[in-house]
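In the part that follows, the structures are each spelled out as structure tokens.
Across the two complexes that follow, chain A remains constant while its partner is chain B and subsequently chain C.
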Partner chain A sequence: MTAGIPLAQALANWRACAPAEPRPCGLPVAELLRGFHPDQRPGAMVPLLVGISAGQRAPAELAALLQADSLVDDIDLAGAPLLEADVLVIGGGGAGCVAALTAARAGARVLLVTKLRIGDSNTVMAEGGIQAAVGEDDSLQRHFEDTLRAGHFLADKSLVAALVSDGPAAIRWLIQEGMSFDLADEGRRMGGTLLRKKPGGASAARLLSYRDFTGLELMRALREAVLLQPGITLLDRHPALELLSDDRGRCAGAALHDLARGRTVLARAGATVLATGGSGRLHLLGFPTSNHYGATADGLVLAYRLGAPLREVDSFQFHPTGMAWPGHLEGQLVSESARSSGAMLVNGLGQRFVEELQPRDVVAAAILREIAEGRGILRDGRAGVFLDTPTLERGKPGILAGSLVTLSHLAHRAGIDPASEPFLIRPTLHYQNGGLVIDPAGRTPVPGLLAAGEVTGGLHGSNRMMGNALLELVAFGRRAGEAAILDARVERPRNVGLTHLADWRRALTVQGLPLSRKAPMIFPPYGNFNAATDRGKAA
Partner chain B sequence: MTDDATAAGVVHLSFDGYAIQAEKGASLLQAWIASGLPLTENAGCMGQGVCGACRVLLRRPGERLPGTALACETPAEEGMQVSFVDHFPARRPHAYDLHGVTDSWAVLDEVDRTFPEAKNCRHCSGCDRACPKGIEVQRMVNLASVGQTFAAAELFDACVLCNLCVAACPEHIDPAHLGQFVRRISASMTLRPSDLIMRLREIEEGLQPIDPDAPGANPKVPT
Partner chain C sequence: MTAVLTAEAVRVGPDLEAWLAVGGGGGLRRALAEPEAIIPVIEAAGLRGLGGAGFPTHRKWAAVAAQPRPAKGGKWVICNGNEDEPGTFKDRFLLSETPHQVIEGALIGALAVGASTIVLYVNPREAAAVRVLKQAAQAWAKHSLLAECAAFLGSPLRLDVVEGSGLYVGGEETAAVASVMGGFPFPSLKPPFPAEAGVNGAPTLLNNVETFAHVPHILREGAEWYRALGLGAAVGTKLYSLSGDVLRPGLHEMPMGTSLRQLVFAHGGGMLAQKAFKAVFTGGPSNTLLTAADLDVALDFDSLRERGSRLGTGAMIVVGEGTSILRKTAEYVAFFAANSCGQCPPCKIGTHQVARILERIENGAGRPGDLEALENLSKMLPGSGRCGLLDGAATVLSSSLHAFRAEYEAALARQSSGQVNLGAA
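Presenting the complex of A and B:
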């Protein structure tokens, strides 16, 4: 059991000190991250041995999947039903829906396939908001610099420039699709101003929101738009097993698995957009996750096998405020909007220990430091620190019920009253900062293969700012959708199959890696469905 | 097993015909996977309660009729009978073109055209009982069909896309999609923030350049 301060004692300390005085963390940022960020733990990362990004480091759990064999063979393709499309979009979250809409409106026949159900994704769970530099005191340049700085200057400047330049137009596009945003004055729908909050690490208030369920509001509008859009064929419950290649190494579509019928289906397409999201459900380093059930890194695995390079796959975002207690809510997110509205973090001694609106990696490392050094709070054997919602409510009466709706809902399910008792929180695995290398049009270096959203890398460096993920999926979903239809018009794949797998298996064998390990994972182990052995059955 | 559960023990329930046990405090969805049963659908946000994927029919001991709930946010209780509700495609698509509605005077006409059944609501409250979020679905339908668009949209604020009201409606009104229609049309026709408009104009006029070589866009060089 971790050392720490028992709950009753910690609550007494908190009451005695509330409201706690600001107190700096006392360690330089670089030292704090090196000492306490999970990415930096000794042994957390291993070098990749095969593939185009061999030599790069990745978490051991992810490396095992990236360096596994395919779930399918040529024989699985024989006799499989064949679907044809101009553009195949894999993934039914925000990025996939935006890409599908964009391509279909440009005249493409689009096949949108998703593992679970359209809308089931990390997008729908996003709470805080979406960044766009619309304020008079703000500029595209500020957004550009804040994003680069938060990412420790490891991001690709051309991608970040594309992201921030698209920001205001992305908000207009979302409104045109029927998404609502909070206004500074709700009475002024026409000619008023958007409500802006300051995300952690930002130099201006730039976070636009819809209450504290911005992602849900976005996904509701997009889901309806996709369902009503002529030209999009939607296949729920069709995870991708393998990308198809043609004899020139071009991506030619994908082999899908029809879960309801337990059979393989082929989708041949002129261009393929991967929008499969992240990898939180790999539970890297044993951390709980705030991610959606489907976030199992499938897209990274498929694209890497086809020769698409990766970047910053050794960098993950641990959201500072995941639930530490009770056990059945472990890892669930307490939105950053609590902190951006002014809620403080307090340790077991009743002290603040970090400036709460620092970038997420800094705040997460600071919390892990408090716990590691015995200043955490223990409740039923679980260690965390306090998120001080009672003091927030006292300072801004009505804020919990009025604008932190999801947070209050979460407190109810945890059995606490957030107006009188603080949350016990601890960092939770939240976001994959790196991913597939893309250009500003959303193209990977593999011809015919594009990508958008969390599966891509280069936008966030080694730390993502709050609000840039929702913006990314709109900005790059649109870019990838536009580029995909151009690519599909230029050239069609020919002699489609699994030609890339022969070289891949040879490379695994040369490195002494087993061919018995199969990937993508598709569902986490506790989903009790092994894609390698259970696939023949309808599920 | 979590400490809180060890103290409280286990409960027994029936889920999709399987007799299973669950730690007290576990959600229905956690009880399902802890029993080793395959989870390849009816799952999404795993407890946040925002995606509407894990819909179940649920009857507690002593209840005559089952109700609806989301499995991720409903704790397992002794003697519950539970079954997942499959997802199904809407049989009658209520199709509209949001961008084609350009005259706000015609919003009610569009409701009548696309959702003609809305006027026929028989006030059975089936949709209200089905909603796991406690939305006044029927009132939304009634308001939308008399042109009270904003009021209807506001009532549908908490919708999580579960479509249980669609399944419950005997008139095939498709309340979930009517709710989204009034929400979407409200935003797309009336939300016109001036700060956004001004910034878009600046960008179009080239007044928001990005300088990749600015000092703030590069790491500080140690001096």
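Presenting the complex of A and C:
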């Protein structure tokens, strides 16, 4: 990957050619993906040996965690303080907050626990927008078809139908919660029409946004709503160590670690909603990531141990435009709204090599192909391609300062002027397409365990459309919250403990897998904090 | 592996012809041929009550046989399959996989004591066992062997499947009698024992499913053969329900008197995750815990009694390092409290109080003095109930408190005044 065109020469090529001429791709999409998408790399995936989804494939880093032993033992629960609730929500990102709000408004006593703080999540990283078929020229059917096609027809149709049908209501709900959206007619004080953009891979303008920090604005509204909602008890800095089970295999809450006091706390609940997000911080396949610090697949690991099946955990989304340079910003996201506003991707020869608004997996594979075939640009040993912001600014003066706020901020941190110099970008690990199997109500096959958001699978097939993640967390957060309160009202769990761990350890032993490896990871190892050994220490 | 009750050949399900084809019916035919020999053979074999009490079977049978036959209704046999205690899963296996050896044993019992009604009393929550047993009983009703038994007894012989209440306390023998009579399974004071006045006041023979299952084999193969199956002074085989922190939990049929070490490490595949062995809850789980010092003890009635514990139902719930004795004890005492029938105030209130104190210690809300309160209760309560439920709860409490007091103290220390627990995991 070190072969490439030096920066100075590439800039000269870019200036000489601007605006760049498109070069035909020359490869059918299927072949492009097979040859250059990271998921498809030979040896990238290993089969799972234990658990209900044994035989499925997953990246080696994830498989190691999925097939590890627990951080806690039965004896750690003796004497641990007990918290009781109707509904336990694990995860304080978008999906968790929506589920908690929904359940609390339906009358449940809700315990919302987060590993870091409320809002510390990938939701706030979402820049582009949220999809919902609200335009006159659009329909639920088109949204449904676009989503299935982008996911290579691997998605669960009933889940996708639920997602797109909830779209317009989800937007109305968000507006009622106080979220702002970009309007087509910005000057008006009251009313107005939502501004719609066309997301990559869509057949209609369907992307609703707020500047280029839609997720942050969404999370702001949710966070305020949660903090004001009676019936929700919020526990920050309480990562989940293990799910609790009763003697019939029902999920009965979770064992949490109180970081401030350095001790285990039990949260018992009639229903548990997992909204723990994805796994980007495992740096799967060695890629940098756009993900939040907390995205360590904790929810997948815990639910899998309790017997919840997985799907498409061999499929990850690599966002085409992650920062490739400078090093300290590697993997950080350059918003897709740059491309949906018209910014081009240019290789070291000054050529446009891909139609920028194709689905993310195609664009990412095309970029990786340019780099692999020596047409990338080298800067301080890092390879990438250009995101042509100067040409965009020339075509639409003022766009950088006006609507691409996050992008301009990022350029400032990188020490470049986006109006005169293009970004050097490279695909970054962005989203976990698969996850826990759920039904349209958000229930996993394990009684009492529900899930919403990125931790679930089935909505995106093997590739997610931009804007569907924010819609998913609202639509399925609400569905899971509604289902959770119903589940919490059926029979109470009995003999609550870690019954499932004995069977899990038997399975590991029979397969000859080490019991010395512990999971979930909880914190990625950057900070030299080891969750297994430092658990007794106050953070 | 000495499989008699669980041998592949006898696992025929409800198919009576298949049972007769593998030697079934032989015991019953011998019983019909020499009815006066039944009780002496059982006595010579040394068969004991395998439901937990270990009472010599022949004495029970002789006691019922000695009673005069009531003019109306005749004597009764109850085959007790109420099994509901934590960690015990042998009867459901016998009833659903090999029901005919159980029924044949009960028929032989009926011949020995002169009973005219046999009740197969089962836990309704074991749906598979109930279904198979009903099919099996129907197959017998149509078969000529049953008619031969009736002819011998000189009266019709009824074979009924009765679903019990599904309550743990219904397994106690007087409670089983009450349940068969259609009432709530309240245990009653003994004497009178069911052998004198059981169902409707008639003499009633009551044995566990596993006890009856051995009978046809003993009559067919002889007392000597049966005695030789056991190790040391013990006789026959025993179904051990092995569970907890072992690699291979499950039902293991082994010679009576097999050592705990053999059961856990040879047959159970050793401790799960190579954790250190800590203790075993036996039987109900209502007995004194076995600890590492008891690993070489023979698992039979007398050896365990010498150790101050009991074999009980043969359930062995193994606890390894990493599993909390406190939490297990709290779970079992809560089970007993929930299953107290409520007749005897010391049991109703006592089990509830113990469960409440254990629960608060377990949940980080224990108080100073709780351990002393538990100790006092465990001394005060035993002997004040009609049945053994209260005694069982007190025994498991006092023995776990005695052997693992440090765990209780650690749980109390962990929670005191929200103190930060630095270092220790």
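Simple rule for what comes next: the second predicted complex is superposed on the first by the 533 of 539 C-alpha atoms of A that agree within 3 Å, B and C clash if a C-alpha of one lies under 4 Å from a C-alpha of the other, contacts with A are read in each partner's own complex, and residues count from 1 in each chain.
Methods note: a residue touches a chain if its C-beta (ideal position, glycine included) is under 8 Å from a C-beta of that chain, and two chains touch if they have at least 3 such contacts.
Remember, it's a predicted structure, so these values are computed and weren't measured experimentally.
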Kindly classify A:R505 by the partners it touches after superposition: chain B alone (first), chain C alone (second), both, or neither? second
Is A:G135 touching the first partner chain B, the second partner chain C, both, or neither of them? first
So, A:L27: does it touch chain B (first), chain C (second), both, or neither? neither
Partner chain in contact with A:R413 - chain B first, chain C second, else both or neither: first
Larger contact residue set on chain A - chain B or chain C: B
Report for A:P81: first if it touches chain B alone, second if chain C alone, otherwise both or neither. second
Output check: A:L515 vs chain B and chain C. Expected answer is one of first, second, both, neither. What do you get? second
Taking the superposition on A as described, I'd like to know which of chain B and chain C A:L49 touches: first, second, both or neither. neither
Doubly contacted residues of chain A, that is, touched by chain B and again by chain C: none
Would you pull the chain B residues touching chain A in the complex into a rising list? 2-5, 25-27, 30, 33-34, 36-41, 43-51, 53, 73, 75, 87, 93, 95-99, 157-161, 177, 180-181, 183-188, 190-196, 198-200, 203, 208-212, 214, 216-219
Interface with chain C, chain A side, in the complex: residues 69, 73-82, 261-263, 266, 495, 497, 502, 505-506, 509, 515, 535-538
For the complex, which residues does chain A have touching chain B? 116-117, 119-121, 124-125, 132-136, 139-141, 144-145, 148-149, 152-153, 157, 161, 164-165, 168-169, 171-172, 175-181, 183, 189-194, 211, 213, 215-216, 219-221, 223-225, 227-228, 236-237, 259, 292-294, 326-329, 332-333, 380-381, 405-406, 409-410, 413, 523, 526-529, 534, 539
Residue ranges of chain C touching chain A (in the complex, touch as defined): 244-245, 247-248, 272-274, 322-324, 326-327, 331, 361-366, 407, 410-415, 418, 420-425
